[in-house]
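Both complexes below contain chain A, partnered by chain B and then by chain C.
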Partner chain A sequence: MSLLARYVALRMASACLTLFGVAILIFASIHALPGSFEEVLVPQATQELRDQIAERYGLDKPIVEQFGLWLARAVQGDLGVSLITQEPVTAEFRRRLPVTAEIAGIATLIAIVIGVPLGILAGLSSHRRFVPGLSRLVGGLAMSVPDFVIGTVLLYYFSRYSLWLTVGDWVPFAEDPIANLRAALLPALSLSLLGIGLVMATARHATISILGQDFIMAAMARGKTPYTVVHQHVLRNAGIPVITILAIYSGYLLGGTIIVEMLFSVPGIGRYLIFGVLNRDYPVVQAGVLLAAAVFILLNMLADVLYAVLDPRLAGGRGQ
Partner chain B sequence: MKLPFANDRLSQAGTLVLLLLIALGVFAPLLPIGDPEAIGAGPRLSPPSTEFPLGTDNLGRPMMARIFEGILLTFVLSTIAVLIAGVVGAVIGMIAAYVHHVLDEVISRFADMLFSFPPVLLGLLVTTILAPGIQSAIAAIVLITLPAMVRVVRAATLEVARRDFVVVAEVVGASFGRRLFLHLFPNVAGVVAVQTAYSISLGMLIESALSFLGLGVQPPNASLGSLMREGATYLEIAPWLAFGPGAFLAAAILSVNLFGDGLRAVVDPLEPRPLQ
Partner chain C sequence: MSGQPSNLLETVLRQHLGRRQFMRGLGAGTAGLAAAGFVSQLLPGIAHAAGGTITWAKPLETKEFDPQTAILGSSWQLLHTIYDSLVDQDENLNLVPGLAESWEQTSPTTYVFKIREGVKFSNGREMTVDDVVGSIKRLYDPKTGSYWALEMGSLKDVKATGDWTVEIELEEPHTPILHGLSPTMASIMPMKEIESGELDPSKDTLGTGPFMVKSHSQDDNWVLVRNPHYWREGLPKADELHVKIMPSDPARIAALRDGSVDIASFEASPDAPLLLQNIPDVEVIVEDVTNFYFFAMNAVWDKSPFRNEKLRQAVALTIDRDTIRNIALGGAGEPTAAMAPAFGACDTSKLPYWNRDIEKAKAILKESGAEGTEFELLVRNLPADIQMAQVIKRNVAEIGLTADISVVDEGTWVKRAWIDNPSQFEAMVTWYAGYSDPVMATLWWDSSKAGFTAGHMPSVPELNQLIADSFSLPEGAERDATLQALCAKIDEIAVKVPLVTRQDTVAFRKDKIKASVAHVEGYVNTLRGVEEYTLVSP
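Let's turn to the complex of A and B:
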């Protein structure tokens, strides 16, 4: 087996193990409360009714068996039934996932498209007097303004002056791509600010450290133009740190989409999850947090595999 | 006298703003800005004016007094939570690196698992179990900031654990606690301080996000996040209700981050700073 394949296999095994541990944590923390399901469904129930509910949801079985059943069903794509609406959670997730994924995807795209060039530019001109301070201030500001603050400001100005982007009427992409984009852009913009700051700071830092390397001096000495140097050396070497920071950013996106979906009334997974939390709809919260953690673990694994592809030394070093 | 964070004007400015914000929060009751709980102190939803510099809310309460009160709660909640995470994380991290082997593996795996929860979602899970409120916000911040603290302390301890002075202490029979707190801790205290500063800014972000969603601080208490939540209801007719707390929240988080940058440069002068 090649070194890379071996590394990927090991990394996947460890991701599965972590996910299994996370599933135990989620399940255990929700089932640590006795009588929680009955409290939500019928707060003043008689013992008889409580027993019936417990039987229906399998709460009378030993906890390990309950966990096994839940996990086995979750792996097959059955995430249970909402306590409040009595609808299957998986169907609801499937309907809402594209919406959330679209917003997170656009936000990441904006972060890369704006953050990488700005960061490289700041790194290349870091010898100028005010550039380091200015870029640090801009990057710091982008990372410090919470997504809901920037979202609230956007919401106010765009709805007040009825600028082109829309708030609150979500249209599926298949129905009307333009209207869909008009509705998705504001939530995505609110989320992208943190990403722009993170990517910019990382790209800038990477550029500065790459420019100090000998091979850059050698390339310059061979008479390569600055454009070629950036294109051939800086971009490629800045890739790994930028991928790392994007993997971290994805974790914030998973939480951030919840906030902007509430703020902009977007019918994604986040809104569903918040109502789940407020109503103590345990199966929904359990499934939502598990799904988010699974996505986060998967993205981090992909990032690790991607480094190994970009820099084969990593696969050898870590795999052994 | 030399000022702290010499040659780093931004960190100095950030620290100054941070101290100013804390002072505003602490001394707010003494300032002539009105009583944050005085319902009907002014007209309802009045825009910023000379009498009410940041306007009034839907009950006529002066926003400036409410915001300064909110600043204090935002800082205090996050700081308490991060101090808990710092103490627990430092002890666990040192033990993991020093005792080693099985315990280290168990602790590291556990930290990995906690690390695999996207921050706000771990907060949602905690609020579902504990019910929305200040306690659940603190618990959420502790759980979110703990794994990074453990990792950082563990890595720093691994570097010092095999140095001569620790080995000598072991040989002459110093107790485990003595080695941990007298020999190891002083050598990792710097990283703990830097990590604490960044964790406090993350904690403020988490708390305000949870409060904004209605899952953190509940009325009559007010943090900057919960004030923004209240303000968002009147966004169209009274935007200052949301913009005021939002601006102070952004300034507070930025100032803590800049302070953290300065602190890192002091603790770790050779390490290039990601933001510099």
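Let's turn to the complex of A and C:
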């Protein structure tokens, strides 16, 4: 346990360093983009007004000083205020994070619930005619059709035929769970298709690979039923690559939510971030990217811990 | 293409009263006349209900909260529902009383306004002449940095001449001053609260308009509620106006279809009218506007081939405005010169470089010595702009020129087009608001005054003089002739070549609300008159 704690501590220190690097990178990148906040906000105004705006937000200070000031506040949990609304970015994230997390969570759930059984079924039936080709075709299609295409098609059909789900009518879960679900399902479905394809393909490959292992043959020789073999050996061992792919998928979700939130008018972090970039609202972008990086790092750490839970040999190996 | 009558009430009123009477009823000092009672009495059979909530899906968020410094149409649209100006406009760009009950021009440079009594800001404080005088001074003050001050002439003095009268004196005659006082950028501000520091107009709002802000979530929604102190009796008819920011056209259409929004606006979305066709209970209006697209050629930057006037004129002669309208803009818009057709101020048949003439273009190109020129055509990542650029690329190819289209993001475009001096582009496509007097938008051709154009627009003394004359001459034959001469000069120098008017589309659920959309609009106030919209009774 102490070894695991040391490992986690080391990973966290490394995560902090990564976040610091991300902070520098995003600060430099957003400020290097053509068009500063005041230029994009009021391009045709007088230079005097632009100077006033820059001065009001400290954008006239040297870039290193601006970074230092921002970092000093950020480590204390103050991510600054939006240059557009002059409202704290932290409060805005607190309000929007559950929305994005819900969409991403439902998308992941759909990917697991549909992708894992289909993948394992395809793996178990791989010896049958047409099944390998069919599963590859379905998986390939799911992975290759972009979100916005799926989203646009769903938008059309669900609005055209009033199929219960709503568009652009987000209601917080606490306010009305049913209305919330009606608004969340379409964006989550759009996002989940890639996840379904990834999980399905991974589970299928893992199943085929596991079925060829000696311990499967030994289990069969011991007289275990196919159900027991699948339940006790295949599912457990296929879990590790599926978790790996879900960790990668979570990274994709961070970007994917931006598209579906824009498309379906979902008031999440992705939409806030994209408007932040377009408006050169520096504190919003800096905080958003930092948060995304933190979530990504956290999810990867979580995946590592889950490996250890599923396969204690991995934890031992790392501990040693 | 002109707007269609969108409201049965309005159509019947027009038939019964005639246009003049109708307009008088709307504006001439008795703005409350157009309120619900009047309309309902005339048409008792039509059921509509006061109260309730109107939901509007808006494509772009409001990024500026101070109306006097706001520079984007997307901001004017929303701020217009919160603030009022001294003068207002009707659906045909005619001036009607706003916070000023009436006005009088007492000399070529002096205007006296009778301020409406009993008007209150939404916090309940009565508006006074001090607010009016302070607001006008604030607007002209260079420290405020309002670009709109450029359109307002030179202020000599503004003062209260009585409890309810204000006098504005200009340095020199400025014919469109009343038009200048009418849009959102000339809003009357709560000066007492601003001067005491109680209100920061750059982040808070407080106006005399029909609605006030209850809550706002940036890039997501606004909840506006009825201003209980609104001065027009019986208005607004709706209790609340919910504004949903929905950037995606399909999402707005879907929301309109499933009834979760009552109105959806579409800015420069060429395909919107087509996509909105045949949706049950949805009425689509393509609004007539004075705003227009133009093709700019950089005549200042030493790396631009368009410092050559003959080359610019040759290019201007290749422009096929009908194809731009039909192919790039989905059939919406009208071919235009620097003054939109709605003004009736510029006869395009008399312009030497406006009508497409490929043979003449080839001859002038030969004279220019710039045959085979290749240039970069800069556009933002907006469907209409890109499609227009593609038509222009084909047009100039007919005389052997090559346009390489560069699609860039907003920030890059802003920097290269407006901030850098000289502007870092050779050619670009964009648009100007046309406002409500034909001379107003032409000010952007005078780079000695409109500094943001100096990076690509050379200062042309003869042109600047025509602009100045058009601003100062009183209405009449002499001004009309000067406007035509100005239009011709803009055509001749061919730095910014006007293309087609920039139509906006508005769609609303006619089974849910009764709405009237302005027939001609020059300030992107798509929902001008929203205070009169009513919900249809179930």
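One rule holds in what follows: the second predicted complex is superposed on the first by the 269 of 320 C-alpha atoms of A that agree within 3 Å, B and C clash if a C-alpha of one lies under 4 Å from a C-alpha of the other, contacts with A are read in each partner's own complex, and residues count from 1 in each chain.
Please note the rule applied: contacts are C-beta pairs under 8 Å (C-beta built on N, C-alpha and C of every residue); 3 or more make two chains touch, one makes a residue touch a chain.
Every value quoted in this text rests on a predicted model; they were computed, and no experiment measured them.
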item	value
Touched partner set for A:S209, first chain B, second chain C, both or neither	first
Partner chain in contact with A:T244 - chain B first, chain C second, else both or neither	neither
Chain B versus chain C as contact partner of A:V149, first or second or both or neither	first
Touching partner for A:F158 - first (chain B), second (chain C), both, neither	second
Touching partner for A:Y252 - first (chain B), second (chain C), both, neither	first
Touched partner set for A:S125, first chain B, second chain C, both or neither	neither
Which superposed partner A:L141 touches (first chain B, second chain C, both, neither)	first
First (chain B), second (chain C), both or neither touched by A:Q66	neither
Touched partner set for A:Y272, first chain B, second chain C, both or neither	second
Residues of chain A touched, compared between chain B and chain C (which is higher)	B
Common interface positions of chain A, toward chain B and toward chain C	33, 152, 155-156, 159-160, 262-263, 278, 280
Chain A partner contacts - residues on chain B that touch it in the complex	9-10, 109-110, 112-114, 116-125, 127-129, 201, 205, 208-209, 212-215, 228, 231-232, 235-236, 239, 242-243, 246-247, 249-250, 253-254, 257-258, 261, 272, 274-276
Contact footprint of chain A on chain C as seen in their complex	57, 61, 63-64, 69, 71, 142-147, 202-203, 216-221, 244-248, 250-255, 257-258, 260-261, 409-419, 450-452
Chain C partner contacts - residues on chain A that touch it in the complex	33-35, 39-50, 52, 82, 84-87, 92, 95, 152, 155-156, 158-160, 162, 166-169, 262-265, 267, 271-272, 275, 278-280
Complex contacts: residues of chain A adjacent to chain B	18-19, 21-22, 25-26, 29-30, 32-33, 132-133, 136-137, 139-141, 143-149, 152-153, 155-156, 159-160, 201-202, 205, 208-209, 250-256, 258-259, 262-263, 273-274, 276-278, 280, 282, 285, 288-289, 292-293, 296-297, 300
